[in-house]
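Given below, in the form of structure tokens, are the structures.
Both complexes shown next keep chain A, but they swap its partner, so chain B is in the first and chain C is in the second.
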Partner chain A sequence: MILEIRNLAINFGARCVVDIEALDLRTGEILGLAGESGSGKTMTALAIMGLTATSGARISSGSITVDDRELVHQRDTDLRRIRGSQIAMIFQAPVSSFNPLFKVGYIFIRSLRLHGASRSEARAHAREALEEVMLPYDMLERRPYELSGGQAQRLAIALAVALRSQVLLADEPTSALDVSVQGEILDLIRRLRDRDGMAVLFISHDLAVVAELCDQVAVMRAGRIVEFGASSQVLHSPTNDYTRQLVDSVPKLGTRAG
Partner chain B sequence: MKAPSLADTRTRTAVIAVRRNPLLSAGAVIALALVAAAVLAPLVAPYPQDAGTAMHAGAILLAPSWNHPFGTDMFGRDIFTRVLYGARVSLGITGLVLAISVAIGVPLGIVAGYFGGFIDNVIMRVTDVFLAFPALLLALAFATVLGASTRNAVLAIAIAWWPWYARLARGQAASVAGRGFIEACRALGVGRVRMLWRHVLPNSLTPLIVSVSLDAGGVILTAAALSFLGLGAQDPTPEWGLMVSQGQSFFTTQWWLVTFPGLAIMLTAMAFNLAGDGLREILDPRRVVTR
Partner chain C sequence: MTTLLQVRDIVIDFGGLRAVDGVSLDVPAGPFGMGLVGESGSGKSTIARGALRLLPLSRGSVMLDGKDVRHFRGSDLRCFRRSVQIVFQDPGSTLDPRMRVGAAIREALVVHRMVPAGELESRVEELLVEVGLESSDGPRFPHQLSGGQRQRVVIARAMAVEPRVLVLDEPTSALDVTVQARILRLISRLREEHRLAYLLISHNLAVVQQLCEQMAVLYLGKVIERGSSRAILEQPAHPYTQVLRSSVPEIDLAERRARISVPSIAVDAAGPPEGCRFHPRCPLAVEECRRIPPSLREIDRLHEVACHRAEEACERFVESVDTAV
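So, the complex of A and B:
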């Protein structure tokens, strides 16, 4: 088990926003985290990164381990070494995830150097990673505002690959992209899982995408996991009322909501 | 065959913007002339020794002429020379004041804006205390306490000035802190110092550059005001405000003592204001050029 969450509780002041009993992620598995806005999906991902504090929330109890290493309430300097190198995160707005003042290549090299690669290693890893996400090497010469959304998201994923991350937290990575590009990104994530055995926590409110991509799915509501299981089973024959409502709320082609 | 890079295009756009903007051109030309005057003063000035303690008993209060284009003062010193050297003093004071103010205000503002919360409150309440008084009044008070000298005038003005940059930097940093790449940087394990220095600061700079260039005029005026009131540069420093102050008792009969340094102050302040306005127009992409 690469990622284990046990009895995780996150608070905003006195209000509990996440309360997860158990959530596991295996190497080579894509786990979907579905649920409506505000259900605690992103907060869970931030907790894994150790970044809840920046949004004013606090982990009040529980345990998160990555590769058997406890992450909750560790010193920030220790967590910084894990962020990026072991766990990578990609975001909904890929273009704005890059500092507009730097060339993409600089961002790659800096990030790799930050985690201990030498200059030549950094360059080599960046090259391999770009090949893996099927982008030309000269993409590194571009600046962020010269990228399309799909290219930027590919580059964000390539950065995770270059950093040799074992766990990828994908927070709505396709929600801002149009459907054809969405498909390419999903293919890419699937390929990384198959080739590198990357473990992916795929956060999405889009059940169609979750059903297509994920092996397992956890449905969150108001900070709790209300249903968990193989994605085909959960999404085709949900046992929980809320999941059923969520599944039914997806508009289908040829039908019209009454 | 290489397509023109975006940087080239941007430079070209900037050049066009400067050409289309007569105010900026005028401001920039005057400001450059001033810098040239400051740098070249020893070469251009007809009587370099008059910038110092020289006295010429035989040439007191001469009206402007070919020998003394701006006339001479009550010690027989060539005013043209002193106005040229005055550019050095004024630009030096302005540069130092702005540098000190930026060096204090911007880091504090960036820290306040990025971290928010308690630190933000502490820093901003301190700036509130400073901003509660008019800048000139505060500078006067500090200059009085520190004692009258050019160096103390610089310190006094800088003390009154930095809170503005702290405020401005705070607002910028707070908005930058909410942008996606900051979150992405955190997720990559970027540390706090690097985050502030390489990511927050550079993305907060544009309005600061504009503000600093607009403020140069104000600083020159404030420095002149301090010297005029006897709280800044002391004789024989060829400071424009001081020259106006010394010349005022001769104003009704020897108008040139006050007029030329006064014009220099006015031109300089105006030049920096024009250049600052122009810069703002160029650097603000939301502003549509209407001409």
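So, the complex of A and C:
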């Protein structure tokens, strides 16, 4: 088990917004975290990154371990070593994930250097990672606003690859992209899992995307996991009423739907 | 079928950038839905704004009931503005945060002198109820409502002036899926009850299938395929439409198909490729495609496509469906 969450409770003041008994992620697994806005999906991911405080929330109890190392209430200096190198996170708006003042190459190389790579190692890792996500090396000469949404998301993923992250937290990574570009990003995530054994926590409100990509799915509502299981099982024959309601709400395109 | 709104060969430029290049669409009198799909930057929203006279046309014309909308002045223009309404994606930014939602609806009624002053309040309440809100929701501010409720207010405000054509620009993209389902039901109810015609802009093909009899697929400012939504979604004939269609994720395993992918080449809209605009990405492109821009031609009843190689593309699509997992 690369990532283990136990009895995690997150509070906004007195209000409990996340209450997860147990959630596990294995190496080489894509786990979907599905649910509507406000269900606690993103807050869970932020807790894993040790970033709850940035949104004014607080982990009130529980444990999150990555590779058997406890993350909850660690000092920032310790977390900094884990963020990026062991866990990487990508976001919905990929262009705004990069500082617009810098060329992406600078951001890339600096991140790798901060995690201990030498200058030449950093360049070599960047080159390999860009190849893996199928971007040309000269992409690093561009500034964030010169990238398309799909290119920026590929770059964000390439950074995780370059840092050899074992866990990728992907928070609605394709929700802002065109459907054909979305397909490419999903293929890329699948390939990283297959080739590098990356573990992926895939947050999405789009159940069809979860059904196509994820091995397992946890459906969240009001901070709790209301249903968990193999995504084919959960999304085709949900046992929980709320999951069924979600599945039924998805507009279906199938020729048989007429 | 009489045409209510006729868009004829319109061209819209932003400086040197030609965002819409010779697009024609016919919207018959309602109840009727026309879907506009295509990737970001393909010109969907620009066409809708051009059709509503919110953007100047460089060429072409838009006719409502056979009258050129560019010539409307004074009371004719006011009447045109009333006949066409638009609902945007983000209901949070289309409502004034300092205006109570009842007042926002009331303002539309007053501007277009829809009802006598004495009946304003009761009409506002009626409209709130019609879109599924409480008649007592009028005094609330937008921030006190959820995203779905706000979108209902925006729809109520549009419906207040009894429009004949509605433009719905990604009306549910910012909403949760259960809320989306309810808004889609509201739209289809309103369309029947008010014999409404609408242009629905959406990146979600399933939403288009559900709400639109016809659809047009756009690529770099041109219509590349149009016709009955059912025909296009069952048998897309343009290679680009096939990419879109096969990229749609499906919950139902049985509906899943092999994704047709094409290289994503950054295309500069300011200098689109010669010949067919899709040819640099098209796996079926031949010499003809590089030289001659294809025009729309009928390949089936109610199904037109702008592709020299549509027949080959159709065959290939059928094969890809057969080999799907």
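Everything below uses one rule, namely that the second predicted complex is superposed on the first by the 253 of 258 C-alpha atoms of A that agree within 3 Å, B and C clash if a C-alpha of one lies under 4 Å from a C-alpha of the other, contacts with A are read in each partner's own complex, and residues count from 1 in each chain.
Basically, a residue touches a chain if its C-beta (ideal position, glycine included) is under 8 Å from a C-beta of that chain, and two chains touch if they have at least 3 such contacts.
All values reported here derive from a predicted model rather than from experimental measurement.
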item: Chain C versus chain B on the shared chain A, clash or fit after superposition; value: fit
item: Chain A residues touched by each partner, larger count belonging to chain B or chain C; value: C
item: Partner chain in contact with A:54 - chain B first, chain C second, else both or neither; value: first
item: Partner chain(s) touched by A:180 [first = chain B, second = chain C, both, neither]; value: second
item: Which superposed partner A:249 touches (first chain B, second chain C, both, neither); value: second
item: Touching partner for A:118 - first (chain B), second (chain C), both, neither; value: neither
item: Angle, in degrees and to the nearest 10, that opens at chain A between the C-alpha centres of chain B and chain C; value: 80
item: Which of chain B and chain C A:93 touches, first, second, both or neither; value: first
item: Which superposed partner A:239 touches (first chain B, second chain C, both, neither); value: neither
item: Touching partner for A:211 - first (chain B), second (chain C), both, neither; value: second
item: Chain B versus chain C as contact partner of A:143, first or second or both or neither; value: first
item: Contacts of A:84 with chain B and chain C, given as first, second, both or neither; value: first
item: Smallest distance from any CA atom of chain C to any CA atom of chain B, in Å, after fitting; value: 14
item: Shared contact residues on chain A - chain B and chain C; value: none
item: Complex contacts: residues of chain B adjacent to chain A; value: 6, 179-181, 183-191, 198-199, 202-203
item: Residues of chain A that touch chain C when the two form their complex; value: 36-37, 148-151, 178-184, 186-187, 205-209, 211-213, 232, 235-236, 245-257
item: Complex interface listing, chain C residues touching chain A; value: 39-40, 147, 176-178, 180-181, 184, 203-207, 209-210, 233-234, 243-244, 247-256, 259, 261-262, 264, 266
item: Partner chain B, residues of chain A touching it in the complex; value: 49, 51, 54, 77, 79-85, 88-89, 91, 93, 96-101, 111, 114-115, 143-144, 146, 156, 159, 163, 169
